[in-house]
Amino acid sequence: MSYHINDNGYYGDFGGAFIPEMLHPNIEKLRQNYLQIMSDSEFQKEFKQLLRDYVGRPSPLYYASRLSKKYNTKIYLKREDLNHTGAHKINNTVGQILLAQRLGKTRIIAETGAGQHGVATATVCALMGIECIIYMGEIDIKRQAPNVARMKMLGAKVIPAMSGSRTLKDATNEAMRDWINNPLDTHYIVGSVVGPHPYPDMVARFQSIVSEEIQWQLKDQEGTTKPDYVIACVGGGSNAAGAFYHYLEDTSVQLIAVEAAGKGIHSGESAATSILGKEGIIHGSKTLLMQTKDGQITEPYSISAGLDYPGVGPMHAHLYKSGRAEFMSITDDEAMKAGLALSQLEGIIPAIETSHSLAIFDHKKFKNDDIIVINLSGRGDKDLQNYIDYFKL
Amino acid sequence: MNRIKQQLLTDKKLLSIYFTAGYPNLEDTVSIIKSLERHGVDMIEIGMPFSDPLADGPTIQDSSTKALQNGMTTEILFEQLQAIRQSVSIPLIIMGYFNPILQYGVEAFCEKCQNIGIDGLIIPDLPMDIYESDYRQIFEAHGLINVFLITPQTSEERIQYIDANSKGFIYMVSSASTTGVQVGFGDEQTSYFKRIADMNLNNPQIVGFGISNNMTFKQATNQAKGAIIGSAFVKHLTTEGIDSIDKFINTILGECH
Amino acid sequence: MSYHINDNGYYGDFGGAFIPEMLHPNIEKLRQNYLQIMSDSEFQKEFKQLLRDYVGRPSPLYYASRLSKKYNTKIYLKREDLNHTGAHKINNTVGQILLAQRLGKTRIIAETGAGQHGVATATVCALMGIECIIYMGEIDIKRQAPNVARMKMLGAKVIPAMSGSRTLKDATNEAMRDWINNPLDTHYIVGSVVGPHPYPDMVARFQSIVSEEIQWQLKDQEGTTKPDYVIACVGGGSNAAGAFYHYLEDTSVQLIAVEAAGKGIHSGESAATSILGKEGIIHGSKTLLMQTKDGQITEPYSISAGLDYPGVGPMHAHLYKSGRAEFMSITDDEAMKAGLALSQLEGIIPAIETSHSLAIFDHKKFKNDDIIVINLSGRGDKDLQNYIDYFKL
Amino acid sequence: MNRIKQQLLTDKKLLSIYFTAGYPNLEDTVSIIKSLERHGVDMIEIGMPFSDPLADGPTIQDSSTKALQNGMTTEILFEQLQAIRQSVSIPLIIMGYFNPILQYGVEAFCEKCQNIGIDGLIIPDLPMDIYESDYRQIFEAHGLINVFLITPQTSEERIQYIDANSKGFIYMVSSASTTGVQVGFGDEQTSYFKRIADMNLNNPQIVGFGISNNMTFKQATNQAKGAIIGSAFVKHLTTEGIDSIDKFINTILGECH
């Protein structure tokens, strides 16, 4: 069984491009060109150079000795929090802005949840001098205020999404509407491995730099390119896709995807898509999503804006259904505690999204010689107020 | 013969009206349909409300949210329409996003439509290639016409392809926009209308998006076979309620139709 | 003339250790041991490994093409903003915490202005599991709230300095008092190239990694290890010391130090020490400082908490007096504008401290083939509220 | 003979009092000095206020800030002391941080002190090695004794070195602390006092820091030659003003001295 995309744009049963005709020209142009553009050597050169000189790659693979000691196993943190703008999201936006330029686009739109993708998009737009519009749920605008401020500093226009749950899902709807209304000059920089084909594959390829680096970094430090486990949180699934990518076909490496259980999986306030979801269509792709019996998309909940999404990317739906990856879910409380623990054990304040991955050690035992790589997808600066309020610091 | 095809054979310019089922009130569906037929509308698109109608603008989006809050479901809609053919004879099309249909079961959905007497479907997020490979057979087995869209950005080649695979009419989106965004037609649209007319397609075209009064209706149907009004009608329902539908239709068709 | 420290702990006329007897044992122990500890190969190995895997070094040397175009010259940005915790400060705290461990210390104190040094100190203390107390002026606690939140998340205790101007100078006094009261178990991690010998030299050596990297990075990109100019802002002077270090003796490389002119050099509200200061003693070293005729230390002012200090390190006093470096001063308004400009030109939101360096292009013309390296000492996340309020974004 | 040396030759235990010049009021300096002598104090340390007194605790720090706000300067202090020797005969020591002295000019400062009749200086942030190499000659040329500190952390070797270079007494800091922090002496201090006494230094020791009442005064002077009170006296000035200095001295020395 393959875990990569097939020629029709599917991962197993999931994927495809369920899009309104209005988006057809844009999506089709992307589909026809993305692989060729991305494999062009000039593109690769420019991409790699920006990743190095602008983003600050390679991000370190840091052996967390105090955390390892606490759980009596070997834990490496892949430090995407050290990237410019503070999360893995920028790997993708750097790639897509170069692609957008080659497609002749002069206006960029994006959706954002935690604001990290919005900031990463506003950043590359500033870098290239391109107009930038960011859609963000009204609730998320409130709970991720620092990132809203950053987008404004970077010259982007932030438009609140006022419908539905006023979070990531609704921001995505608004971005798609914008694209429908501005098909010629605009490129939509989707922020995760979601949306119609070729987005999931394209974003996964841009993020695959993460596991590409893990391979040689682990080789340097442990003498093997293969960890026993790779662990990542899943909102849409881009940081997980990046961390899993080069290990997808090698089943000796166990993959663990961590979702947000919010106030508890069965509390009615959660975003644990794989467990609670059913197959369906959201934002242009067939995947797992949380929905009513009637096919209405459910409003998810998580304390973490970046995981507060009712779907997962089609790659992850496939990894779940096929059993290739283990899916776990972590509540708000567990995540917050794990975030504080990492801060005080290793001096790294993680994004609340990432804190979900860090919380699994209280649920799952590992052997003392297991090599575990956790994708530390982002830093917690954007979440400080939430942490402070939560812990009454 | 399918009622849509029949209606397309008449030589009048067709007025088709979209409304969101379950809006303004859950039980308005049937009254609205009857009222529309009574006042001269030629075809109706019954919108199945969806939580995330990404091809629609704020008006239809809001009406969908309200309809869902009112309790509208696929099941209830079918119940409401159960006896519709006892009183209504113009073509009825269900317009809805694909996920609720998928959850209902595509085959079950089509069967239900056939039993009720629905003539066609418009599913904005079911692209033609997926329809062709996975669903055409089912739709056709139940006598349903699936309507496809073209836009000003659709390439000539793709228009030909859509035309070749369409069985009733082509839904011609007047401009690149979600519903309700346009305010009137300018040069760009006029030349687009002409360009499509000049292609002499097999399927007649019905123009949608941005039609809100007699002038835009006339512009739209100057060369096309008909026009679809959505947002403007939903807005009318919001402000005027369902009792003055005649007034709305009259302003569209002009006083002396 | 040498620009490095001499055997007596002086840079030319400046430096020394003007300390109360109570600090003598600590300072003396440091002085006797720092060079030996720092040159120990185990120490170097651990230090370099933490810089790489934990801090994320090397920080990129990024060619800012849009900025370069705007000023018709060649501008490289040394990306200390990409370090873990977001500024150059951590280079020093990683070094000092390793040193403190080797000196057998179990409690760490530090002063902080912008909060970057406080965060960097709290970070390494969490990393090593050592108690951490941070002194911070009450005014700075207010204007750098995100950093206060970070220190708390990291488990540090933040104690407000309530005396004097309630900024960096007063926090430093408090930290010294603490050290006097806790001479045995405590190490004081000074955050800049200030304080009694050997601090200025020790901090400069830890920060010298910056120019060490610039040399080979520039060689890679421009074929020469030597830029025409190196530019850095100066609060106490540590980021400048790091960026200048390996170029100090090579006068073909011009050094520019940028100070905060606040509301104008002669407004009475400024921190332009070299221009306004006279020789004297502050925090244990002889240097240039702003003072009254009577030798009372003046309360400085700058919109940037990290530059709001009435002294400069003795190295910089010497660079000023000897003419080796050119000193410029930039007002609040000029700095804020330059910060916004970089954000929107290059997608990098700088710390307000750093924005001062970026503002000099409106004062000084460079040739189109000049190679200029600006030390981008930190990111602006901590300053977002100030930027937002200032520009009413 | 220098008044400090003379005083040290008496066999009584010496009480030395520190106060901040210009506090509580700018003009209190001379009255305080006179009152202290009148009520039996053996030696006085006149504190020159400094903006950043980093070896002092909050009490002395606050009094310094207030004194500066009151307008105290080096110039004014010298003016106030100009005629002090007409009425006061006990040793007077100026205690101040080095920067104001440096700005005044070390030589000019010493000359002024000599003219006034100041006997010694305590400059906490002027370490012995710098004093030795740069300033001893100047101080001695003007008959000034520079007093050095030792603390519980000072090594035996360094104590010997300080003793060898001291010319009056050694200021023995009772414990590692900025002024005003201690509340009483425990075992640690007692054994420290004993350890120093056993060294049989050339210079007598006067204990400072943490002396606030008769008990701590007695403990401190059990083996040392005398004790210096700073924070406790400044606190007394703050709460009681300058008129009840006798009461303060009495509690320190015990009722029947």
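Here the chain labels run A, B, C and D in written order, and each chain numbers its own residues starting at 1.
FYI, a residue touches a chain if its C-beta (ideal position, glycine included) is under 8 Å from a C-beta of that chain, and two chains touch if they have at least 3 such contacts.
Quick caveat, the model's predicted, so the values are computed rather than measured.
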Taking each chain's centre as the mean of its CA atoms, chain A sits from chain D at a distance in Å of 66
So, what's the distance in Å between the C-alpha centres of chain B and chain A?
37
Chain contact graph: line, ring, star, complete or other?
line
Please list, in label order, each pair of chains that touches.
A-B, A-C, C-D
Chain A partner contacts - residues on chain B that touch it in the complex:
50-58, 61-62, 65, 68, 73-75, 97-104, 124-128, 130, 148-151, 153-155, 158, 173, 176-178, 181
Spell out the part of chain A that touches chain B in their complex, as residue ranges.
16-22, 24-25, 163-164, 169-170, 172-173, 176-177, 180-184, 278-284, 291, 293-297
Touching residues on chain C, where the partner in the complex is chain A:
52-54, 56, 59-63, 66, 79, 81-84, 86, 122-127, 129, 146, 149-150, 152-155, 340, 343-349, 380-381, 384-385, 387-388, 393
